[in-house]
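Take a look at the structures listed below.
Shared between the two complexes below is chain A, which pairs with chain B and chain C, respectively.
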Partner chain A sequence: MERYDVAVIGGGMVGTAIGYGCAERGARVIVLDEGDVALRAARGNFGLVWGQSKGDGMPAYGAWTRLSITLWPSLAERVSGFAGRDVCYSPVGGLTFCLSEQELAERRDFVHRRHNQGHGTVRIVDRRELLEMMPGCRLGPEVVGASYDPTDGHVDPLTLLRGLHAGLRAAGGVHLPGAPVVAIEPVGGEYRIARADGAAVMARRIVVAAGVATTRIAAMVGLDVPVRPVRGQNIVTERLAPILPKPASAIRQTGDGTIQIGVTSEDDGILETPTTTAALAKMAARAIRVLPPLASARMVRGWAALRPMTPDGFPAYAESATHPGCFVAVCHSGVTLAAVHAGPMAEAVMGGGMHALAAELHPDRFARMPIQHVPAI
Partner chain B sequence: MFQRSDPPDITITWDGRELPARSGESLATALLAAGVLSFRETPVSGAARGPLCLMGACFDCLVEVEGQQNVQACMTPVHPGLRAAPQHGVRDLPEVEAA
Partner chain C sequence: MSTDVDLLIVGAGPAGMAAAVTARSRGLTVLLLDENAGPGGQVHRGIEHRAAKDEQDADGAKLAAALRSSAVETRFRATLWAVEPGGKVFWSEEGAARSAVAGRILLCTGATERPLPIPGWTLPGVMTVGAAQIALKTAGLKPQGDVWIAGQGPLLWLYAKQAVEAGGRLAGIVDLSHGIPPAALRHLPRALMAPGYLLKGLAWQRRVKRAGVRVIHAEEIRAEGEGRLARIVVDGTEHAADLLLLHDGVVPNTQITRAIPGCAHDWDAVQACWKPRLDAWGNTTAEGVMVAGDGGGIGGARAAAHAGRLAALEAARALGRMTEDQRNAEAGTERLALNRQLAARPFLDALFPPRPVTAIPDETIICRCEEVTAGKVREAVTLGCLGSNQTKAFTRTGMGPCQGRVCGPVVHAVIAAARGVDPAQVDPFRTRFPTKPLTLGELAALAE
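The block that comes next holds the complex of A and B.
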């Protein structure tokens, strides 16, 4: 049986980033992935690298996010090289548009809370400043202002995933897709991981990064991590001449010129990924209020993906108390957090100790908490 | 490259030049039959592009039809006198009246 230093269970954005980080640090790594039937959140990311909205009520998450953003430029350069194409990381500042005075007032309160919790880079800008910041941008008349964070940006999430996988392989790591993990058992200081297709590997360390399947697999290593699926629908248009210079929450223009419009937050617990006309129409209608010329843009595709959501909406990281060397990592911001996952989190898995901020995001907190239904942002 | 099974019976205009076509066929078919392989340049790399799927899914056969940009040639039936041209780069959205 093949033996590895680290077996990562989950080949999505979170697992691949951690696996790549471990392989780059010299570990012999295997990433065990499910088949194409997997409910892959990593195929449905919006692509924001985003701090302004992260961590209201959990300052450690805000700081963890900011740490990732500071590590992103280096990650972007490396993954672009591995992917063989530019990951289009563009830290040009990000916006959350407000379409009424009431929305702007609520956003102003939110920004105050962010400041009080240590996130000082976000601020409110009025319509005049928005137009100065984006000369010639054809904003709709209802746009009264926005929150703006100059450290935010966006990236091509599919190229990021491809680059992380390529980086894993370049560092000698193995990606083994095809079947879910069905059992993990300790054997003489190591772990034997068995899959539904009969394959099995031995590993000294394990990372459970299995998205919406995390609860089931984390339980195999003594970790209680409640995760539920929250569906997000996306729209992408035909390629257009530059029309929106900065990415915004729920609307951005990609490096290739398409407009991506998001995104719903459907918390119905159903493990399926349909799109619905009602949701797509609602998203499109708001995008047109932000940028009226989009009314004549053609939609090319709509799709949905399931975010793994914890009870409070914040990430969860831990090493198992009963199964030493076994870790869990789950979040709904795999793109923004890719840089900390490939860095400090990989170091923790290699035995370097959990980063202080990640340690504050231990899933033990859920035992004291009723299920909350929080919007994904 | 392609050979017609039935003779052309109408004329369309491609990039200012008259081409034969057959009623009821798609613009992509008419162009391919006339030996046109490059329909546009992709805005990503500038490389030439032509039809791939011929069934409305791939968006590689985008052209300009009657002044309308980014039209799928494979989904556009020809008619006598139809005017089409290559799609150069990305589409510009028209100005709109404020709602």
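The block that comes next holds the complex of A and C.
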């Protein structure tokens, strides 16, 4: 049986980033992955590298996010090289548009809270400043202002995923897709990981980064991590001439000119990923209120994916107390956090100790929270 | 949920026209949507505006006339883009999105051409035989100059015959088929039950050759030119070319069925395509959704009409307008006729297996919308992509405006060949609604 230093369970954005980071640090890594039609949040990312809205009520998450953003330029450089294509990381500042005075007032309160929790870069801008910031941008008349954070930006998430996979491979890592993991058992200080297709590998360390399947697999290594699926839908238009210079929450123009519009948050526990006309229509209507010229843009694609959501919505990281060397990493911000996953988190897996911020995001906290419905998958 | 119409049919080709007329005659209210300006589908395109030249045209004219004299509500230039649970459908018409709730949905969306990606096929001056046939049928555009046809399959010879008879000029046909493979011969006895089919095919070939059209049997073809097609290179020999028409058979158009949750599809190893899993009446595995005609497996125009009528009878039964016994009694002759039409199919399918994708060079583009080469797709397989969907995420193939409609079969085949596995083990593109582009303005108008 093949033996590895680290086996990562999950070949999505989180698992591949950690696996790549470990491989780059000299570990012999295997990333175990499901097949082509798995429930992959990694194929449904919006592509923001984003701090302004992250960590309200959990300052450690805000700080962990900011750490990742500072590490992003270097990650972007490396990943673009591996992908053979520019990952289009563009930290040009990000916006959350407000379409009424009430929305703006609520956003202002939010920004105050963020300041109080140590996130000082975000601020409110009014319509006049928005137009100065983006001259010629044909914002809709209802746009009264926005929150703005100059450290935010966006990236091409699919090139990122491909680049992380290519980086893993370049560093000698192995990717084994095709079947879910069904059992993990300790064998003489190592772990034997068995898959549904009969394949099995041995590893000294394990990272469970299995997205919406995290609960089931983390339980195999003595970790209780409730995760439920929350569906998000996306719209992509045809390529357009530059029309929106800065990315915004739920609307951005990608490096190749398409407009991407998000995003729903459907918390119905259903493990399916169809698009629904009602949701797409609502998203399109709001996007047109922000940027009226979009009314004539053709939508060429829609998709939906399931985000892994913890009870409080914040990430969870831990090393198992009962299964030393076994870690869990789950979050719904795999793009923003890719840089900390490939960096400090990979170091923790290699035995360097959990980063202080990640340590504050231990899933133990969920035991103290009201019980939530978590579907068994 | 109350319904607006008993049966909603998508596609006014032979299956859709026949189904609509039959369903209406059994008392169902029927709404028929089609993207074209009038009835006919691809095979009988523009049939109301041209004289019937052969049996096939006569079939089409008869179906269209029956449709026009029925009380079926028809909407042309209407593009369906979503089917949701509960029989809700959405389409665009005159720049506006519309919707209706139907008791049953019958998809008669026909076939699409299997792409034949050869080096240089993206040059202006290279198009498909199907597109040329539409131009011939609707605009009377006859081939002139150095026009070459390359590939294989019955449609190639039918078009060549039609073009020659219309007074068009063809420089030659590059036949990429491989004669009669031994596998085809065991289907020959059954095929002889439908001799009309085989004789027709042979007659088309004779007619074309008699007109002096040169036929070259070849293994390899390349299109070349600076900015547009100037020549083709056939097994190393150059020929001047103004227009090159490619064809490698047709596959079911499953763009809509693949987007419907719970609608199972199976790999058809003989026709080398995915098709929706249907019962003998055309029911898919998704409640209330049916398929008839080539969209459920290639059978040709006449088979499609019979399948359409069978589906209409089943819809009438499902909606309580006839008993099971009545349905079965009326279905008898249709089913016999359908089986006779399908008799030649296994032979034809075995005769024209698709070109092996291993012949596609790495540098050749297979996704035209996003300009993704075969080599990029093969590279994605080495990065761990097992199927079309992860490959799409890694390479952008299938992400353009055609939504994988054109490149889908080739991407799938290239992945299977690169992995060295049975194509049945490679997932096709998952499609999602809207399956056709529409403007955000149209979509937003549906917001509550």
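We adopt the following convention: the second predicted complex is superposed on the first by the 370 of 377 C-alpha atoms of A that agree within 3 Å, B and C clash if a C-alpha of one lies under 4 Å from a C-alpha of the other, contacts with A are read in each partner's own complex, and residues count from 1 in each chain.
As a working rule, a contact is a pair of C-beta atoms (placed from the backbone, for glycine too) under 8 Å apart; a residue touches a chain by one contact, two chains touch by 3 or more.
Treat the numbers as computed from the prediction; the structure is a model and nothing was measured.
After superposition onto chain A, partners chain B and chain C are found to clash with each other. Once the two complexes are laid over each other on the shared chain, residue contacts for A:A295 go to chain B and to chain C alike.
Once chain A of one complex is fitted onto chain A of the other, the partner contacts of A:G189 are absent, as it touches neither chain B nor chain C. By the touch criterion defined above, A:E238 reaches both chain B and chain C. Using the contact criterion defined above for the overlaid structures, shared-chain residue A:G198 touches neither chain B nor chain C, since it reaches no partner.
In the superposed three-chain model, the partner touching more residues of chain A is C, compared with the other of chain B and chain C. Legend: residue contacts after superposition of the two complexes on their common chain; A:P141 is shown touching chain B, with no touch to chain C.
When the two structures are aligned on the shared chain, A:D36 is found in touch with chain C, with no touch to chain B.
In the superposition on chain A, A:W303 contacts chain C only, with no contact to chain B. Of the two partner chains, chain C is the only one touched by A:R169; chain B is not. When the shared chain is aligned, chain C comes close enough to touch A:T275, but chain B does not. Comparing which residues of chain A touch chain B with which touch chain C, the overlap comprises 238, 294-298, 300. Across the complex, chain B meets chain A through its residues 43-44, 59, 62, 70, 89-96, 98-99.
Those residues of chain A whose C-beta lies close enough to touch chain B in the complex are 138, 140-141, 238-241, 243, 256-257, 292-298, 300.
Those residues of chain C that touch chain A in the complex are listed here as 82, 84, 88, 90, 99, 259, 261, 380, 383-390, 393-396, 399-401, 403, 426-427, 430, 432-434, 437-441, 443-448. Residues 11, 33, 35-37, 40, 42-43, 158, 161-162, 165-166, 169, 175-178, 235-238, 261, 272, 274-278, 280-282, 284-285, 287-288, 294-304 of chain A are the ones touching chain C in the complex.
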